[in-house]
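What follows is a pair of complexes built around chain A, which joins chain B in one and chain C in the other.
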Partner chain A sequence: MTAPNNDHSRDGAAATGLAEQQANAETAPQMPGRFLARRCTDPLNVVIVLVVLAVIVTGVLTTRFFSVANARAILSSSAWVGITAIGATIVMIAGSAVSLAVSETATVVAMIFLATQQFGLATAIVLALLAGVAVTALQGAVIGFWTANPIVLTIAAGFAISGVATWISGGTTVYPQVTRFNGLNDTPLGLPLAVYVLLVLTAAAQWFLRRTTAGRHMYLIGENPRAARAAGLPVAQVTVIAWATFGFCIAITGVFLAAFNTSANSALGGTLSLDVIAAVLAGGTAIGGGRGSALRTLGGAVLISAISDLLLLRGFSTGIQLLVKGILVAFVVIAVHVRSTRGRQ
Partner chain B sequence: MIRRAALPPETLVPGVAFLVVLVTFLCTPLITGKALTTFDVYNTLQGLAQLGLLTLGLGVTMIAGEFDLSVAGTYVIGGMLAVRTGQSSAILGVVIAVLAGAAIGAVQGGLIARLRIPSLPVTLATYIALLGLASAMSGGLSVTYTNTAATLWIDRKIADIFTVPSLVAVVGFVIAAAIFGGTRLGREIRAIGGDRRASRVAGVRVERTLVGLFTISGTLPALGGALFSYAYASANPDPGLQPLILATVGCLVGGVSLAGGRGLPAGLLVGALAVALLGQIDAMTAIPDYYTDLLYAALLGVIVAVDAPGLRRGLERLRARTLTTRGSDRRPERVIDK
Partner chain C sequence: MTDATGATSAMASGPAGPQVVVEGLNRSFGGVPAVRDVSFTVGTGEIHGICGHNGAGKSTVVKMLSGQLPPDSGRIVIGGRTVVLGSPQVAQRLGVALVDQELSVVPELTVLDNLLLGDVCAPLFNRRRAAVARCRQVLSDMGLDRIRPQQPLSELSLGERQLVEVARALSQNARLVILDEPTATLSDAETGHVFAAIRRVAARGCSVIFVSHRLSEVLELCDAVTVLRDGRKIATTPVGELTVSDLIVQMLGEAPHRLTAARVPDNRPGHSLRIEGLHVPGRLTDFSLTAEAGRVYALAGQLGSGASDVLRALAGLHPRATGRVELRMRAVPFRSPVGAARAGVAFVSNDRKSEGLFLDKPVAANLLATRLPALAPAGVLRPRREQQAARSLAQLVGIAEHRLREPAAALSGGNQQKVFVGRSLCRDDVYALLLDEPTRGVDIGGRAAIHQLLRAAADAGLIVLFASTELEELLELGDVIITMRETRMIARYEGGIDGAALMRDMTQGERAA
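For the complex of A and B:
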């Protein structure tokens, strides 16, 4: 599963990988032909181009797919999952694989947001975000400092979070005393506020990952934690930062979920955990860490929404939509893997 | 000085966890005021029937250092296929479900072993796709199984406490234990999980074994799902993540490590039984659900602590420091019974 057992060990691969990337960047302008050829045979690009082409062709043949209203629908439906997926991308790049406690965290954040409405919208949002960051950063600390397995830990955290939430709420649905959050459901320029938040978050995460030291550290830690530790990077602290960011993103999704549903029960989070992982993987981020980007995840989330929307317009059931989503994720995962190992064989 | 446990975690974890759960189970009459009956044992075994094969399938891949999330998908699709195709002949339905599970597992195993892809993303994609397929096959609704004769046959009590599904689960564990105990395969699987490269160098046919393991982890849940659907006379296209999470808890409580290389079928059986017992304690005492949630969290928390190398290193450093300050430089040695 995660790094220790992959027999194509990453030791040493990080250095060559980075060197290779630099070499690519340097040689690309001189050898456009080779660069282009490499791009065209890149299995990930082939898969993505084929899928996008298929969507476009089917879209042209489907009435109302290419319309402003439908584009809005696609963007809107990708917003909630997309926001959390941006955070999940950072965690996956930093090598902590996935979290299975996303649904529970979002649900609890939504409950806190609704239960604190009487203190004012700003206070409620701040409390909700703090809760999300605290709960998720704590998991990040256990993973970072104790190298705990993220899957087991997040399953445990999921149980703990939902247990405590049911304990405190008494297992009932949480209703707000006053509703001050209607502004969050606004649709400026015809798009829900969540879409703008998603775009801003994507840009911020992209900048953070590419341009800041902490962001670059995350790639190295994900690619090769031992090398990162040997290089003196604060591996545990950076892991905590990644998870805290993730928690922030989950909390934003939780707040939007709460504002949209105006009440919260234990089932609010639904299948968010898996949807988020699917979006990140469909964007081509490698599960083992070290590769991926926020922009790609945005692409993955929008692509999944577009395909679901297309299938819906053509009258296919939710079951078929899920089936196609699974197949898409499988193809992208295989393509990402083939690409990452091809150079080494 | 604290004495270190003399048992390896794969015996210690399931042993202690099971003992705690069993004692709690035996103490439930103190809370409920009703004596334990064979019906409680029967019900526990029904819980085992539901989770047992799922746990075993997931567990054997975990021992080999992989993680087959798709077991929850093959479980669902097995039940759905069996109910869909077995309305007139129950055996035909089971056969189709098992064959489909084996085929799904073999394809995944082939991808994972030949291309050396991490199993988590591949099996997650399969899980999503299979849930979709089950939902598409049923229109998103539960499908009723109308073959009452088959349901009655499956549900009849054997020796007061067993039914066909729970017996099948127990037999599955016994066969797995026999294979692990009596053949080279068990050691090879653990070697693959422990150090794949070394096991390949040592002559273990890693790819073939992995494909076989994934075929098993596709087959067993499909069989379990089929029997469960027959027993309840309906197939549910979306049971959620709960079965998968409970099976994972069963494996981890059973002494399997997510890092691979550790675990035994006997431990898996004990882990699955512990989860089933917890479910039964829940049902008997009618305690609120969140207690169980918190209990599972605590159980997994202990396992995280046992499994986390960083924490262990930290504790060892701490112990070494306290030992040296007490003037003893002897590091406690770990006794391994093999």
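For the complex of A and C:
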């Protein structure tokens, strides 16, 4: 990407040194138009607009899709995955790709939450969150300080976490001694508490990523880790912060899962790890890091729920739902890839 | 003329006539002309230089000649035949070989495989032994006798890889070899080998087009030089009638003023950088230096001399470095980049693309990348404050304000480098600015601008320390010049330095000439 090759193709003008003035005069008036044009031809936006249009059109043709009750159902079903996906977005932007230990971590957090109910709800929540943050931040430290491969590391961590959980719980289902957590299943204004938590977390994460030093460092580190290191940015520390935040989000999902199910066994987390990745990718966050946002992930989570809901209403099987989810993620990932390689040429 | 397809050449132009004729080439991008009515000829066996600052149209001409880009109008004649170079493969079959400024060798393959790579004329089933023998010959022509054909390329230094790439193009028996900035990453000794090899292919009757920013090299090597400016041809002049300043005038339309040196060093000991016994196993041996604020220190050394390793070690990028470094009386924890940065060291790498800028991020984000904590005392950024800071930096380094929102990748090399350097300027928490090859791949205008920025930074009280392999840059910018060779410091000069002495220090024992 050296200068002489690309000056022309990008700006259509000689844009250095003494030619600067002239180049500026030529490119300045075109700016807004070109900016809009770029937005409209951005493959990611094209894919998302097409998918949303398809959902709307099919939705109009489907009875009961556009109803308040169904909207509630869509939001509710996206809440648990969405909460963790917000944390996963932060980690992905910071360049650590994905975690495959999410289900296991959420399961263990749920077990801890239920097993500590006798100490009071607040204590149980604090202990559960601390456990989630500690376990995940530890993985972040290994990735940040020793540049471990996140995928390999989290596969190992997932086995280790569920191994320890099974060992301590004796492989049986964990039941609470007392039940004080029913408040977590409340539905103020008709929506589960988890939906409100999701919205607050999204706003907080968006602000954190855009407006704080740590958040902005994450974008830089994710885009070019070597440059970030050479510039003396605190790569390892920021990576740990990202993973700790992720752990916090996983733990919240774990607590809600526990409260909803009122018991926890080793299968509680289910396919959470992969659902979370799908939501983040469907939102258009780049798997390679450096691009994405919490808002986009919220959109991705809701979109996946809406599509599943739509297929369900039209009577398609679970298999078809999974298939469509896979196709959606594949298209968005391809669009993100096309966009980033096009920008580099 | 070794190529079988050259049979028609005698008809049109005769054996001594021009081998390559370029007539009225035009090419625009999105309505904006990049090359306008460019014509020149290259004779058989002639080495023809093309000069011009970034954006002058050099690379567009090269792309049209090598089949990467079709011209809008105009004619290219090779060996007396008008040719349509529809693709790089077609161009190669017609005898055009290109050495691009980007490395296009594959580090995982062996040297031999790399030499055969991309040669469309290579036979399908290679005779291994013959190929190895030819490879040895090609390598020794390039002064690379120490390299074995079976060695993986990844074991070679960057400069040696570049030599292999040049060797590949020169060994294709082409009628026209185009070299686009082939020496940008080479030391002067390596450059000497490349020049010798180019002269040999030219003597065999091959025409050579040599594109370079290094004007003294152009004058040393070429027979004639065509200068482009704003897409137009300014002149084609035989080198006998040219000097470097003539070339600069042709390229810029006016000569850039030279920087004058009149400065008093700030020799308060509390403001200096003290390096004692800095050592990096295998790369740097026992380097000591006290650098005072307000001056520019130049480390003169070829690749592998240790000059760039001094900077990398200070920046925390050599974890195995040992020694003692103090900046403003405080020890610098130089075994980690974070520690070095906290102590007030800012580093500008020689690898702008992979170790420098965040190319997909806007220019503004790049200018602010390392100063976010200073802009956000409580860790929270204020958009207006950021914009102000970005704008004033853009003004300082000479980037138009409306480009702040564009990705850094959209800027030319020279402007990218200005952003990279600007990132470390005007920071209260930086006391020492280290730059490795501060103007690599930068046009003359951009280079003067960057030199002025560095001079101004020193005047503002920074310690500026840079490494370079270019004599002109070292002499122009350095207040103190330290020569290095084979991992050691050779000498230290202050004022009254002559280029020949520098050259001797840097290359003795390497270049027999």
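Simple rule for what comes next: the second predicted complex is superposed on the first by the 314 of 345 C-alpha atoms of A that agree within 3 Å, B and C clash if a C-alpha of one lies under 4 Å from a C-alpha of the other, contacts with A are read in each partner's own complex, and residues count from 1 in each chain.
To be clear about the criterion, contacts are C-beta pairs under 8 Å (C-beta built on N, C-alpha and C of every residue); 3 or more make two chains touch, one makes a residue touch a chain.
As the structure is a prediction and not an experimental result, all values here were calculated from the model.
*Asks:* Of the two partner chains, chain B (first) and chain C (second), which one does A:T63 touch, if any: first, second, both, or neither?
*Replies:* Neither: A:T63 stays clear of chain B and chain C.
*Asks:* For A:V152, using the defined touch cut-off, is the partner it touches chain B, chain C, both, or neither? Pick first, second, both or neither.
*Replies:* first
*Asks:* Should A:R229 be classified as contacting the first partner (chain B), the second (chain C), both, or neither?
*Replies:* So A:R229 only meets chain C here.
*Asks:* Which partner chains sit in contact with A:R291 here, chain B, chain C, both or neither? Use first/second/both/neither.
*Replies:* second
*Asks:* If you stack the two complexes on chain A, which partner ends up touching A:G326: first (chain B), second (chain C), both, or neither?
*Replies:* first
*Asks:* Once the shared chain is lined up, is A:T213 touching chain B (first), chain C (second), both, or neither of them?
*Replies:* Touch partner of A:T213: chain C, not chain B.
*Asks:* With the touch criterion stated at the top, can you tell me which chain A residues are shared between the chain B interface and the chain C interface?
*Replies:* Shared contact residues on chain A: 1-2, 4-9.
*Asks:* Spell out the part of chain B that touches chain A in their complex, as residue ranges.
*Replies:* 65-67, 111, 115-122, 124-140, 193, 196-197, 200, 237, 241, 245, 248-249, 252, 258-260, 288-294, 296-297, 300-301, 303-305, 307-311, 314
*Asks:* Could you pull out which chain A residues touch chain C in their complex?
*Replies:* Contact set of chain A toward chain C: 1-20, 23-24, 26-28, 31, 211-214, 216-217, 219-220, 223-224, 226-237, 290-291, 340, 343-344.
*Asks:* In their complex, what parts of chain C are in touch with chain A?
*Replies:* It is residues 28-32, 34, 53-60, 63, 101-102, 230-231, 252-253, 315-317, 337-338, 340-342, 345-347, 349, 353-361, 365, 369-370, 372-373, 376, 379-381, 383, 398, 400, 402, 407, 409-416, 423, 441, 443-446, 449 of chain C that touch chain A.
*Asks:* Quick check: in the complex, which residue numbers of chain A touch chain B?
*Replies:* 1-2, 4-9, 97-98, 100, 142, 145-149, 151-153, 155-160, 162-167, 171, 273-274, 277-278, 281, 287-288, 317-327, 329-330, 333-334, 337-338, 341
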